[in-house]
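We just call them A, B and C in the order they show up, numbering each chain from 1.
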Amino acid sequence: MEMLIKIAHNYYYMVAILLFIIGMHTMLTHSNMIKKVIAMNIMDTSVFLMFVAIGYTYGGQAPIITAPANEVLYVNPLPGSLMLTGIVVAVSITAYALSLVVKIYRYYGTVDYDEICLIRSQE
Amino acid sequence: MEDQIVRITSRLVAPFIQVYGIYVILHGHLSPGGGFSGGAIFGASLVLVALSFNLEVGAKQISHATASVLESGGALGFVVTGLVGVAVGANFLANRAAGFPLGEAGEFFSAGAIFIITAFLGIKVASTIVTLFYNIIEGEDKSGDAH
Amino acid sequence: MGLTNHFPALILAILLSISFLSPILYRWARKLSAPALIFSLFLALVMAVYLMVQVYQVGEFTYYMGGWPPPWGIELKINLLRVYMLLVVLAISLWIMVYALKDLEHELKTEVMGWYYTLYALVVASMAGMTLTNDLFNLFVLMEICAISACAIISIKEDRACLEASFKYLILSAMGTGCFLLGVAMLYMVTGHMNYDLVNEYLPAAIEQYPNNMFAAAALFIVAFGTKAALFPLHVWLPDAHASAPSPSSAMLSGLVIKIYAFALFLMFYQIFPRSLLESIPLNEIVLWLASMGIMFGSVFAMVQVDLKKMLAYSSIGQIGYVFLGIGLDDTIAMTGGFYHLLVHAIMKSLLFMCAGVIIYSTGIRQIKQLGGIGQVLPITMIAFTIGSASMIGIPGTGGLISKWYLALGALEIGRPIFVVIILASSLLNAVYYMPIIVNAFMQQETFDGEVKPVPRQMLIPLLVGTAAIIFFGVFSRPAIALLENAMQLFF
C-alpha cells in the first residue's frame, strides 16, 4: 500500500523509466533501422523528462524574472537549461543517423538490419 | 511540389516565421528559447521555401558558400567571445569580469556575453539546418556524391 | 605570464577553432589547411607539456570557466593523472596526423578531406576536454561530441562495410549515452550537484536516505562506459568499426578513443563514488571478471581471423581488457600497470594499424595468407610490425612487458594468482596470432609477387618514431612509472 502511494506521488519518474525501457528494448531488438533511430529518440526524450521532472518544486512558478522580488518560489531552471543542450545533442545524433540510413539504403537496397547482416555475411 | 496554394501560402508566411525566429533568438536571455530553438525556426522557414518551390529557388536564398561561411563563422564567433575574457585577464568565457555591459535584469540590452553568444549560435544553427537539408536532398539526385 | 594561467581552456579553444576553421580553409586556401591542423595540434601539445611542468611545481590546481566557482560554473581540474592522459592523447594524435596526411589521399575522395580534418580535430578536442573536466554534464557533452565525430571518421570513407559498421557503432554508443545520462540524473536527484568533488562530498549523506539511487547509477555507469570502451559482452561494435575504417581512423579509434572511457570509469569509481561503496558492492569484481573474459575471448577470436585489420581490432578488445583489469584489481601497483598499458598500447596498436595501412597502400592486400615474403619489399614496415607485435606479446625490452609485469605484481600483492595465469595465457595466445605474420613475412621461401607502390617517406617516418618510442618506453620506463605512482597517491 505504501509502495502504491509512493508510485502515485512519483509518477513522472515511473513514466520516464518506462519510456526508457521501451526505447532501449526497441532500439536493440527491432530490425528496421528507422525504428532504431526513433527508439533512440524516445530513450533520450525519457531521460530529458526525468531531468526536468527532478527540477520541479511544488508551488513554484516559471523561472522568468518579471518583477525583482526575492520571496517568490521558482522552479529550478538548471535541469531545464541543461536539457536544452541535451536536446540539441539528440537532434544531431538523429540527423547523422538518418543520413547514414539514407546512404545504407542506397548501397544495400533495404532498411532492414537483419537482411543487411545476411547480405554482408555472404559477400 | 507544384501546388499553387502551397506556394502562395509559404511565400506569405515565410517572412513571419523568420521574424518569429529572430525574436526567439534575440530574447534568449529573457524568455525561453535562445540560440538553438530560434535558429531551428529560422532554418525551418528556409527549408519551407525550398520544399514548396523547387530547389533552385531555395538555393538562391542561401548559397552553399554562404552557408559554409556562416556555420564556421558562428562557431568561431563563440570562441572569440570566450577569448575576449582571456585577453582582458579574467577567465575564458567570463561575463561581467571581462567588461561586457550588464544592464538591468529584464531589460533587452542586458547580460552582455550571453546576448552575443546567443546571436552567433542562432546564425550557426540556422545555416546548419539549411546545409543538412541540402546535403540530404541533393545527395539523392547525384548518386553518392558527398557534400 | 598572465596567458599561461589560461592554458587549460586555451587548449580546448585552439582545437575547437581549428576544427571550425578547416572547412573554410579547405574551400578557399587548400594548401594551408593541413599545416594549420598540424600547427594547432603541436601548439596544444606544447601547452600540455607546460601544464605538466606546472603541476610538478605547484601541485593540483583548478580552472574555473567564466570565473564562476562551482557549483555555479564548470571546473577544469589539472592533476598529475589527468595531465598524463592529456599528454598521451595530444602526442599520439599529432603522431597519427602526420601519417594520415599522406594516407588519406588514396582512401577518401578529395572533396571530403577538409571535413576529415574538422572531425579529427573535434575528436582530439573532445578527448582533451574529457581528461580535464570536473563536471558531469560537461563530460556528457564531450562524450557526445566524441561519439559523433568517432562514428563520422569511420563513415567518411563511404563504402558498403564502413557505413553499416558506423551505424552499428552509433546505435550502441547512443545506448551507452542514454544510460550515462540516466545515471547522472540518479546522482543529481539526491545530491543536487554536477561537480565531481561536490557530488563526492554530498553522496555519503544521501546514501543514508536513498541507497538505491547509487546502485542504479553505478550499474548504469558500468554499462555506459563498458559499451563505449568495449568491455567484454558489450564489444560487438568494435571489430567491424575498426576494421572497415580508414587506417588513420582505426589507429586513432583503437589507440585513444576506447581508452578515454576506461579513464572516465576510473574517475567515476575513485573520485565520485565514496570508498565505502566500492567495499559494500563488488563493483571491482564485476569489472575484473568481465575484463578477464574480454582478454581471453579477444585473443581467441583474433586467432581465427583472416583479415589483417579485423585481427588487430579483435586484439584491441583483449588489450583494453588489461586496462580494465588494472582498474578492477583495486591495488596501486596494478593500477599503475593498467595506466602504463594505456600509454604503451596506444603506441603499439596505432603503430600496428599504421603498418597495416602502409601494406594496404602499397600492395592493396588485406588477407593475412597473401602476405608471404612481404618483408623483402617492405622492410621498414615489417620491422615496425615486428617490434609492435613483440610489444603486444610482452617480450623484454619493449613497453608491453612493463605493463604486464606491474599488473601481475598487483595481482600477486592482493593474493589472487589466477590473474597472473590469465595474463600469461593471453600473452601466449597473442603470440599465436602475431608470430605467423612475422614468420611468413621474413622467412618465407617464396618471393612476394604483386605490384608494390613505393611508400612515401612521410608515411615511413612515423613508423620509425613509433618503433623508437616502444623501445624507449620498454627500457626507460622509470620516469613514467614514477609519475603514475605519484598520481595514484591522490586516489588511495
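Structural remarks
By our rule, contacts are C-beta pairs under 8 Å (C-beta built on N, C-alpha and C of every residue); 3 or more make two chains touch, one makes a residue touch a chain.
Keep in mind that this is a model prediction, so the values were computed, not measured.
In terms of the stated touch criterion, the partners common to subunit A and subunit B are C, listed by label.
Of all chain pairs in this entry, the one linked by the most C-beta contacts is A-C. Closest to the middle of the protein, by Cα centroid, lies chain C.
Here the spacing of subunit A and subunit B, counted between their Cα centres, is 24 Å.
If you average the Cα atoms of subunit A and of subunit C, the two centres end up 28 Å apart.
Averaging Cα coordinates per chain places subunit B and subunit C 35 Å apart. Within subunit A, contacts with two or more other chains are made by residues 103.
Contact with two or more other chains is made by residues 158 of subunit C. Touching two or more other chains at once are residues 144 of subunit B. Of all residues in subunit C, those touching subunit A in their complex are 137, 140-141, 144, 147-148, 151-152, 155, 158, 160-161, 163-164, 166-167, 170-171, 174-175, 177-178, 181-182, 185, 188-189. Within the complex, the subunit C residues that touch subunit B are 2-3, 6, 9-10, 13, 16-17, 20-21, 23-24, 27, 63-67, 109, 111-112, 115, 156, 158.
Subunit A makes touch with subunit B in their complex at residues 64-66, 68, 84, 87-88, 95, 98-99, 102-103, 106. Of all residues in subunit B, only 65, 68-69, 71-72, 75-76, 79, 82-83, 85-86, 89-95, 97, 144, 146-147 touch subunit C in the complex they form. Subunit A meets subunit C in the complex at residues 20, 23-24, 27-28, 33, 36, 40, 43-44, 47, 50-51, 54, 79, 82, 85-86, 89, 92-93, 96-97, 100-101, 103-104, 107-108, 116, 120, 123.
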